[in-house]
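Both complexes shown next keep chain A, but they swap its partner, so chain B is in the first and chain C is in the second.
Then we have the complex of A and B:
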């Protein structure tokens, strides 16, 4: 069994087969189950077949929401998938923008002992609060509009990002900071032109790794109280057993998240050519 | 020559939770004149780097004073250049950007003529420290250890500091590169006359480089380190000088004169 040795050299075709095997197996298993269920019940909606999925994809990608009065016309940019993506995307972007102050706060906590002392204990406590447990409080405090959903994402993800930035700032060698002062930099020069520049690729990685958490909180907010958005649609279709649309939606969300992740990774590599991931 | 650095009755203790504070330095009195190249040696953990960090302003003494030009200085500033053993360069900047970092801190934006002049000056320092112009656009992790230290020296020198503090700057280098770097420092010192404090645990290096050698050590294990030897390096009596320094470093013996 030379294949299972720690020093096994894998050639290109084997690597390709290994990395795609589970995808192929999963898809095969799905269609096998679907076919079996359809033999027992041709109207089965739980595991839709290829034709049902095709219909669902066509409805989602090309038709507007029948309940939405403002949606007119057909085509991708009038489709319910597109309008839902835009609605969720706006919330997602707002949440991402609100992470910028979190990065700045974490940086300052790491650089300035007074700021660190002031915030650290509170943020550590805040980080332990389960964001979903305060959802009712958020809906009472901020209403069921956009703000509550964005606040849910902020409360869920911000403490992690702040603490990550704090730790990254602290990990910058003291020699670099001292060196900065000897080269004429002042406090903010050292903070922004030395430390921030050095931790930025790792901060971007940290945000990238938290994308799923951002989406999780976004989906929780949308599923509970929303009139549009990807999660709203999934929750709505669940009531009608619309698995032929839910499955394309789930895959679409995964694809979007993958693309955002990929974009951030490529941007990180381009913006920071000096950075080597550990 | 007038006194540039004065270390007067300095003691350094580090608090240890639940225990008596750890004494690192006690009763240090040293006067360094302008233009001297002083090497500080001693065993590992004897407080050489602490002494350098006190002069740098990165650390405060528990008791006593560190004076520069007769005045107490606060945090590190551009008068005191610093070349540490590790993390001497900013990894996110190319060689050229590392060297020009200091001058660009004076003004946030540099345009036209001034920018061109600064680049020229940076290239001059690059050549002076034995680097090629083709290295200018490389990142630090693309350079060898010796080249990185050359850039670090250029980066510090372009600021024209009054004092250059080097903390075991060559200890990670191979013997051949180390020899080149020692020669470079001697040449730069002879040319620019900058006051240099060079910390090393290598006795041969301390004698080769220094115009004066300080040996730090502890007479008793529980004590803080003191200056065991403070001696001018002359071309004659080099062998006896080596023996004397070795004796001080190895046996922690306090002797202030070269034996006949």
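Then we have the complex of A and C:
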């Protein structure tokens, strides 16, 4: 029995079967349930069958939103899936851009004691505030339009990123900083060219691991109030059990997240070939 | 192994003996068919909470030899549970009865027509805006619900039908809609229902432009039962429906009076949603509750109701609420108490049934 042996060698076909088994099992279970439910009620919408899913996919990928007057024409780039993806994608990118100042702040807090003293205690406190529980405050401060959705993400995710950058900065060996100074570097030189350079791959990793939190806040924001976006569509479709469109949407979001994650991982490896972790 | 199966056998025999004994002792209490009713917070549904708590429902359930459990839900999950067949009966509006269970192929029967919204749903706006000024602006509402229906009716009745789609609807969750509109002063208009409407109406500079009292009888609140439950061959489903109707009209009778006794009942009903007596009475004033079975049955059986239901089903179809695979509005047909059918007769999915209300009316329950 090699199941619980640390040094088990797996050949290629076995590895392939092992890694795909749960997918096949999940899909089979789904269609089994679907078929059983359709025997009972041919119009069942809760677990759509293959033809219903096909219909849903073609609706999502090819048809424009029936309620949206501005969206005319057919084809993928007029489809509701694409317009929703663009809307959500914009919010996502804005939120990612706003993470850059967070990284810089964390770095400065770690390097400069005055900045650190000024911010650390407050951000430690702020980090523990559940953004979703103070929605009325957010509505007053940022309204309920685009800004509010982006700020919800920023408030939800930046404290974690700031604190992580702070800790990473602190973990750079003091000897290197001293050496930088003895070799004639100035404060900002040491900060940006010695410390930031070293922590950057880890910072990127930290952002990568927080992608799911970003998406969670984005979805929450779109479900509270919105006119477009991936979560908006899912919230709307739930109202009449449009599971045949919701399931393709959920898989599409999973695919997009996977691609963003992959891109960041590859970029990190390219940018920092010396970094071997995670 | 042998020992274990012996053990199981002995246990079975023992339980059979016990069952026989208890059946002999207490009638056939052991095999009482049990049913679950779901309700969510709304002025016209809170009485279900009171009925269960006060023992009125138990009394009627005992009379018809069934056991009934009442469970509180959020509205959307209660619909999901009903469609998933986890509930036998559920409180919902005429619109959701059509676009949730009926459109999902669950044959549904409305046994009690409880009330219609007579001002509970409303369109409110800031800055002295009027309906003709709305096109081009944003309106917060829960899309694809009675709120959007009310909005479209408001536009249509004011001759603005062609402008309906020029207003930008912002889908807003009902749990956040009041705070969102009140705290963000840049929002122009909102459509929602009570108690949120009462809260929003108190805000400075907000005016009500349209409410459901201008479309009486179109937003109707029902108690629906799955038809397959109702038609159970052992008759338990019908006994269940009779018990519900009996308990309902006993409660509405208690609610309809005046004076401290009635206030006591209403206060307990309001407690079902942590509401106060004053607030509940205020909501009741904009609800046309059918206190008598007679009025409810007459409303349900009227030709007028068919026309109103027709508006609702056309709305549902036009907005894709009957599902993308439903090619015609007639594919989800509605059957009325007089036997007439709106839609294809072989595709009846929603039935309005007056029999239980009539039995209550004639005191035959």
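Please note the rule applied: the second predicted complex is superposed on the first by the 277 of 278 C-alpha atoms of A that agree within 3 Å, B and C clash if a C-alpha of one lies under 4 Å from a C-alpha of the other, contacts with A are read in each partner's own complex, and residues count from 1 in each chain.
Note that in this section a contact is a pair of C-beta atoms (placed from the backbone, for glycine too) under 8 Å apart; a residue touches a chain by one contact, two chains touch by 3 or more.
Values in this document were obtained by computation on a predicted structure and should not be read as measured data.
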{"item": "Which superposed partner A:179 touches (first chain B, second chain C, both, neither)", "value": "first"}
{"item": "Touched partner set for A:272, first chain B, second chain C, both or neither", "value": "first"}
{"item": "Chain B versus chain C as contact partner of A:239, first or second or both or neither", "value": "second"}
{"item": "Which superposed partner A:261 touches (first chain B, second chain C, both, neither)", "value": "neither"}
{"item": "Partner chain(s) touched by A:189 [first = chain B, second = chain C, both, neither]", "value": "first"}
{"item": "Touched partner set for A:198, first chain B, second chain C, both or neither", "value": "first"}
{"item": "Chain B versus chain C as contact partner of A:146, first or second or both or neither", "value": "neither"}
{"item": "Winner by number of chain A residues touched, once chain B and chain C are compared", "value": "C"}
{"item": "Interfacial residue positions of chain A with respect to chain B in the complex", "value": "173-176, 178-179, 181-185, 189, 193-194, 197-198, 272-276"}
{"item": "Of all residues in chain B, those that touch chain A in their complex", "value": "56, 58, 75-78, 80-82, 84, 86-88, 90-93, 101-103, 105-106, 139-141, 155-156, 159, 161"}
{"item": "For the chain C and chain A complex, residues of the former touching the latter", "value": "76, 80, 83-84, 99-100, 103-106, 138, 140, 143-145, 165-166, 168-173, 176-177, 179-180, 183-184, 186-187, 319-325"}
{"item": "Contact footprint of chain C on chain A as seen in their complex", "value": "41-46, 52, 55-56, 59, 66-67, 69, 135-136, 139-140, 143-145, 223-227, 232, 235-236, 238-242, 244-245"}
